[in-house]
């Protein structure tokens, strides 16, 4: 991973009055470009030619300029050019997935603490982090010791795709054995599978934002934690599987995230939701220098109002795309005018940091 | 219950140009404070110390000042102090639940007709009211005469928690017998259980507001009925129970309301929805002097577009928290600017009443 | 069907500076009137007396004037009067359904290409259109050749009402036989049933708008294609059927659309969604002179991110009623101020066309 001081060196050459927001053209890029425009920042999209039309389709959310690449994993090749243009890169979920390991060495300032991406990418480290945060979590099992119905996530499975449920050790062995035989997974995948107790309740995905620059609000680490919104993921096919079930058709559930819908939660639950976010931030300081900007903690609310945390996304999540104009929660912090979506919030944070000459604090 | 003329006496001492909106810090308080602020009214939050951070987290939705109590059931102790500050108390669902019977004697002007809370708190009176309104309702059964699959609500069960479904008299006896044995309920609970035919369809929760001060719109009693929004409750675990079901896991459904999601309904259904609201208001005048301000009628829409009403919440409901900036329906009445959430609507009503020197009409 | 040049002749007598938006008081009329008002156009509602209160309930979304009819199928009787007042009729789904075949001969300019209504009304023509567009579709079966679980739509079934699922040829014969016996359908209905492979995944309903007047954006035919929003239909009882299922109650699913809820989709799926919309527009030019204005393509997203198209609604859909103030997508094209709902978009298009003296292009 590129050294923080190397990024600070690059950043020291930036013209703070002419910053650009850079993002891979995917995931939440429309929102990021739209939000940056509302804040008066320029934007640049790292784009594959065939995806350009998707952004041109939305004139107020397309990047001010495109930089084209053949493959997103080669995004590093345009880093130098972007750094010359004072660009700050926003690492969203698709950037993490498509650029892969190379993301660590990209010679371009990233919004947030780049180290966090390592902790997010490795599910075992992620669980270690959530444990350090003291979150209430589902039980985890080693692959040979499943004792309850469990959800199985092999290392390659992303965004819910490829997850499956087993009700016992035997079922796990039968299913993983068949996948091994078919070449869909390797022995190493089996050893490194994350296997978590299957929880019942309803899933919610709060959108947090940590800023070191504001103090009024929910105190957290050296700054404040903001709750900017809440969503629920829509997974295909499981989130409509009751339809075939109701006519007696047997369908294997799959968990591919294909969209999101808005939701709010009981006001009294906010205490615990804010507390979870705070713990995740504060433990991130103990473990790896902190998390700055947006993140999401995936959780289930059970019938006794208990929150169980099963994942953390340590960057902007696609569920925030519901709220480019702000949410039911962000208006309570930023008011109504224009609305404060997470994309805009990031641009605002960059602007504030630049004004305070403190970009190096929130950039790595 | 404190006499109306006693409240009117307190109110007569109020400075109408310096009113405050008071609420218990729970349920829909963020929205109430936010809305009052938009209308230029001061706010005061009755709060337990440990809940304060939840409100401080949202600087534009926190109360202008806090009055701390140890237990919400002691809220009455701060009534005098609040009355000295010209406070009008907004009784939301948590206030009704936490303060309990003492709510009737609180020496503080309440927004709306306080008598309505008695009719809401007692499920049998509530069903009497809905019957008087001529609403189409599910069949009700006495505990010994269940003839169809039914939902059972014991007196203590609130917000969906503790509800359960039985498919026959035998199942009711087995389940309630086990609960009696376990000490979870009493014989009196069994006798006073509300048992309603189990309905199929989809649930919707329209947010109504009755005002005596406006005439243009949907005529109702001496004023107009407004439809300010619509939501759907999210209950844990039942609203994701298809997920474990799809992998063959058997899970007992529970009905704890943990959140809400936005929804709209077919335009032609509005005729009946408005009619139901009107009947509920007009019957409230016949029964107990009327209902002023926000309320919700819980209903199911079946596959033949028939509405079946199963409950009424005679005050602001938490589903309105989806729309602090207004909804798809409120913009048709109040336009887009800033948006008219139910919290703001209440503050607006107080302002209008104060201007007309008619607070005593909408306050008890 | 009335000739295009006859409509053009009527239109040539219109005062382009004093146009009115006319709609049947149903379906999406609130949104249409509200949007027209935002654009400064006058409005007229064709209304049955008993539905008037529904519109009066929303002072900013009620028509400027009403023209009353006894039955909506007689809407043609007021065409002449409306044409004298420079009215342009917006044919929404209820207009198509209630006015029926007579809609073709109404002597009143319609927004959009009236020919499209023929292609939409006849399910076989609709499937021909989607095929010509090259959309990926579920397999279709003739009534005697069902080979997979399928959904059956008889000619009279509308808005999901009356649809049913069969898992085999035998089940189809049993069910349709029983319906024939009961007189619910005719032999001709059976012969003309549309029978489509039952798909699993999640349903989404993108709201498209095709304009010939703008070029910046997603290029399509001679103009651009806009994506204005996305919804999910709420069908009674199927979309809550997991609730009775979870307590072991057996309920026959029904598919009556009673409402809609907001949703967004994974950003990378927009490529295919925009492409589907473009193909539907461009094939409409090859088949019948084009589609102008709003339309929706009903689709399912499976667990491999594949879109399968099963219907097209060639006019404003009721799901757009979620977004009278604009959506998460429309703000990326039109910005935030006031919001650009589909109703307003239609009014805007009429205004732009009038300014360009090109109404005949988007009116038939």
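Residue numbering begins at 1 within each chain, and the chains themselves are lettered A, B and C in the order written.
Rule of thumb we're sticking to: a residue touches a chain if its C-beta (ideal position, glycine included) is under 8 Å from a C-beta of that chain, and two chains touch if they have at least 3 such contacts.
All of these numbers come straight from a predicted model, not from anything done at the bench.
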Give me the superposition rotation angle from chain A to chain B, based on Cα atoms, as a multiple of 5 degrees. 120
Interface numbering overlap (same over half, different under half) for chain A and chain C: different
Chain A and chain C, separation of their C-alpha mean positions in angstrom: 36
Residues touching two or more other chains, restricted to chain C: which are they? 241-242, 245, 251, 261-262
Chain B touches which residues of chain A in the complex? 149, 165, 167, 198, 200-204, 216-219, 225-227, 230, 232, 238, 241-242, 245, 251, 253, 261-271, 274, 301-305, 326, 328-329, 331-336
Which residues, counting only chain B, touch chain A once they are in their complex? 26-30, 34, 50-51, 53-54, 56-61, 94, 161, 234-237, 239-249, 251, 254-262, 318, 321-325, 338-339
